[in-house]
Amino acid sequence: MASKTPVGFIGLGNMGTPMAKNLLKNGYPVIATDVFPESCKELQDLNALVVDSPAEVAKKADRIITMLPSSPDVLKVYTGPNGILKNVKKGTLLIDSSTIDPAVSRQMAVAAEKMGAVFMDAPVTGGVGAASLARLTFMVGGLEEEYNAAQELLTCMGANVVYCGQVGTGQAAKICNNMLLAIGMIGTAETMNLGIRLGLDPKLLAKILNMSSGRCWSSDTYNPVPGVMEGVPSANNYQGGFGTTLMAKDLGLAQNTATDTKTSIPLSSLAHQIYRVMCSRGYANKDFSSVFQFLREEEGQ
Amino acid sequence: MASKTPVGFIGLGNMGTPMAKNLLKNGYPVIATDVFPESCKELQDLNALVVDSPAEVAKKADRIITMLPSSPDVLKVYTGPNGILKNVKKGTLLIDSSTIDPAVSRQMAVAAEKMGAVFMDAPVTGGVGAASLARLTFMVGGLEEEYNAAQELLTCMGANVVYCGQVGTGQAAKICNNMLLAIGMIGTAETMNLGIRLGLDPKLLAKILNMSSGRCWSSDTYNPVPGVMEGVPSANNYQGGFGTTLMAKDLGLAQNTATDTKTSIPLSSLAHQIYRVMCSRGYANKDFSSVFQFLREEEGQ
Amino acid sequence: MASKTPVGFIGLGNMGTPMAKNLLKNGYPVIATDVFPESCKELQDLNALVVDSPAEVAKKADRIITMLPSSPDVLKVYTGPNGILKNVKKGTLLIDSSTIDPAVSRQMAVAAEKMGAVFMDAPVTGGVGAASLARLTFMVGGLEEEYNAAQELLTCMGANVVYCGQVGTGQAAKICNNMLLAIGMIGTAETMNLGIRLGLDPKLLAKILNMSSGRCWSSDTYNPVPGVMEGVPSANNYQGGFGTTLMAKDLGLAQNTATDTKTSIPLSSLAHQIYRVMCSRGYANKDFSSVFQFLREEEGQ
Amino acid sequence: MASKTPVGFIGLGNMGTPMAKNLLKNGYPVIATDVFPESCKELQDLNALVVDSPAEVAKKADRIITMLPSSPDVLKVYTGPNGILKNVKKGTLLIDSSTIDPAVSRQMAVAAEKMGAVFMDAPVTGGVGAASLARLTFMVGGLEEEYNAAQELLTCMGANVVYCGQVGTGQAAKICNNMLLAIGMIGTAETMNLGIRLGLDPKLLAKILNMSSGRCWSSDTYNPVPGVMEGVPSANNYQGGFGTTLMAKDLGLAQNTATDTKTSIPLSSLAHQIYRVMCSRGYANKDFSSVFQFLREEEGQ
């Protein structure tokens, strides 16, 4: 174990911290940084080496994972004045697990290649719980010959690692999944609401849908109607889970890529707008299944 | 077998004929009628008794199943001048397997009750293939104490019979399922199309969705992209299956019930409009999964 | 004046009362009724004859105007047990100014014709203010040869009377106008909101739109942004005007007629759903231009 | 006249060429360039000086107008290897009449300022006809103290010049107008189609809308229904006018700015998707009012 070479980790938020901890657990020395120094405390206590900037990480590690909130953050961490590419060593493997525009991933890959480094996009599904339990799913885009090297690290943090194709296809897969998820969730909310108003018991309706062609993940695994399932945000006043703001962000990425590629996505566009309205009407921090409540709430409640 | 009492059957279309044949197979004498006499030929050859009108059926049978295309047909067959209720005997069990507005079902139940008869709605899912193989699913609304009597007949024609609640809830469950199905299908079509344009292999994308939260019946059982699955309409130029016109009709029912109950169904409304546009642009008789083709087709193709 | 024959008036709500008063002002004796007897008080004080039921009105008047909230009310007032058609005299002219489904108007026309009476639909635009000032617009459907007789009465209550064609076309024109109005209003709200966020002064943006191809009634006459215009509901916290509930009702009629005629109305359907959501989120009684506020309101406000 | 200083003009397409000709007509020497040398021929014959690159134009002129198809073209012409900013002189006035993302306009303004130059955005409405007749409308964003200098040139090419505010607000105004225009047009198409199906004469319906609250530019000036108006694209099989592709592009810009600013634009998003579908179904080069035909066309036509 002692012989393992160190791994750089940039971005120690709710997701990044447990991911980096899983690298440590697997015996990898970690060299970490974050814009908020206090975020580094937990890692430091676990003997990670904390440095001042992405450029410093790049000096000391030839495998680096980034986990950042948005495209501008990725641009800054890679190409900014103290960015990774300032100091990156030839042959370094750069794995970005942020969820961002695939066009930015491709742009980073080009910039990395100019420096003799390799960039892969590897966004995740699964949330904070899965990050802690090393049960994330990684969708990986990049050169196939580099995939094994990436996989070695990613399996320390996730239960599934899927190779998707060229750079940007990891992002594409993530965006596609969340887009269909958003549609399925709003569709389930509309359907459950209509059924209840037509006199159906919600549990019975969910059962019927789940044995029929209306079945989807939102109806059978994450039902948005309070009382239908246990252990899901709808059973807990829509606390926890995947926030409406984050879903709106991902749908914005989906919309951008669709506009760029001139792809028609009518339902996805409307789903985006519904989550956008919810963000401005008090649902920003609730789980995205709260769309059931948003569509249903009665006058006077 | 000889002791079984006859069952009336009204509406011998693509669905009604195999359903009535399954009653015969189970030893029930069948007394049948249809507005198109030629539709009765096949049943007649199998020793069903063919009569001239619903009123004649009602004279001779005290259990009657109806399978008709739309609400106005149901109104006519039950309450028209030669309708069932003209001659219906006290205690007759009337089971309507048509897919219609639940408000019409409730109206028929009231009219039947006035004559001392019992009306239940029992629409089906499963299509012509399932009808032939007696593998339909019936969703049943009506008095709970009459459910056993209905179930006895319906199990001859279907694999699943689900009691949903008061009259009209069978229709409600059917409408709810098809509404969510329509949304899932269009959502899957948009998602697969976007993913392909972003460089993902369609089979791989389907696999990723199906192991993730984007999963739905349209992605894992009836994928709309040619080449992803076998034995589905998308593998056969969208022939067979469930026609766009029929989906548009069911979404019209969903819209009507939502408007009546003041329920917000934004995605379902848009799905309805998309299928409506498709009907007027050459997709009326294709399977409803052809929305993938509709959204995708390029200029000049 | 004394020689004028009496006119029946059924439905003395916010609109019906000022309309009936304008008939009195023009010298017509009025025979009135309403389900709520207290609604008749104001007319009674002005010497209208108040009777107990539509059937009573029909006995005493051979020209009758109805102004009712919805299709079921119209059905009851015309064909109910104490309805107009119970007692209607041959040759009676029945003018319905309610906004209802054109299919119900056609049904009433058939029923009236069987009794030897003539039915016309004549819904209005203009609101309570216009009703008081006899400045309503009437859109009239019915037999052209009866139009002059209708016009004589309608001009007492309105500034514009437009003959639209066969029975039901008055309703059709009303529905069409309100549908386009709803779209224009939501579109204006979205546009003004986006413009403001992009740094434009709202008054300047309205001015630019109104001299350009974006111009519409909602931008130039009834702007939904507080501070842009005076004397409109947006200048008065969206009080008064045309309530969101009423707009949602009219869009429901539009949706029903579109579904019946298999017409694709994607934007109208979405507009309907938006107003439906607003009704359940506290906007039911605000003017329909409050959609600007609905789409805009920020988290925490 | 001879004393006028030369004006640079970059981008000699369908719009740029007549605009540059109007500068010549007003006595301004023009120094022009275009990526397609053959586009320069017409200007050259009128004694414009044609040079090889934007950088060459910048050497010779201290007022430069650009008229380009999209954001990437603008980026290249300003900041590319042979771009304007390579050679721009201090104090040069740069006016960009392209319709692009306001964020790109702001980016160009910053880049220009670094070189001591001034950038203004000044997109137009009005099309090729208005460009030829010097009747365009310019919406101008930029420093107020530079507006007079810009106005001097723009009035040679347009009938209206409107100052909108800081850099990018010209684009914002243009995008806002076209967004509301798209909504009004689709709304008018839906409304006219529904009205016709409900039995209304289209000319009569247009007249009623235009005297009522449904009135908009698309109903009263550019009606999409053949036979209602003369001299509009709908009277000429939707030839000429403003192409569906261009509308889809502008709606893409609107969508991008809305996503960036987290603004909810449900109808605009749907309008975008409708025009996007039309582009892939044979309507790309028809006028955008052909949405009437798209929504209406019947099975089998």
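Each chain gets a letter, A, B, C and D, in the order it is written, and its residues are counted from 1.
To be clear about the criterion, a residue touches a chain if its C-beta (ideal position, glycine included) is under 8 Å from a C-beta of that chain, and two chains touch if they have at least 3 such contacts.
Quantities reported herein were computed from a predicted structural model and do not represent experimental measurements.
When the interfaces A-C and C-D are ranked by C-beta pairs in contact, the top one is C-D. Note: the chain lying farthest from chain D is B, by mean C-alpha position. In this structure chain A contacts its sequence twin chain D using mostly the same residue numbers, the overlap exceeding half.
One simple way to say how far apart two chains are is to compare their mean CA positions; for chain C and chain D this gives 40 Å. Chain A and chain C have Cα centroids lying 50 Å from one another. Under the contact definition stated at the top, the residues of chain A that touch 2 or more other chains are 263-266, 270, 274, 277, 279-280, 295-296. Judged by the touch criterion defined above, the protein chains are all mutually in contact, each touching every other.
Within the complex, the chain B residues that touch chain A are 102, 125, 137, 139, 160, 162, 164-166, 168-169, 172-173, 175-181, 183-184, 186-188, 190-195, 197-201, 204-205, 208-209, 211-219, 221-222, 254, 257-258, 261, 263-268, 270-271, 274, 295-296. Looking at the complex, you find that chain B touches chain C at residues 248, 252, 255-256, 259, 262-266, 269-270, 272-274, 276-277, 279-280.
Those residues of chain C lying in contact with chain A across their complex are 270, 277, 279-282, 284, 294-299.
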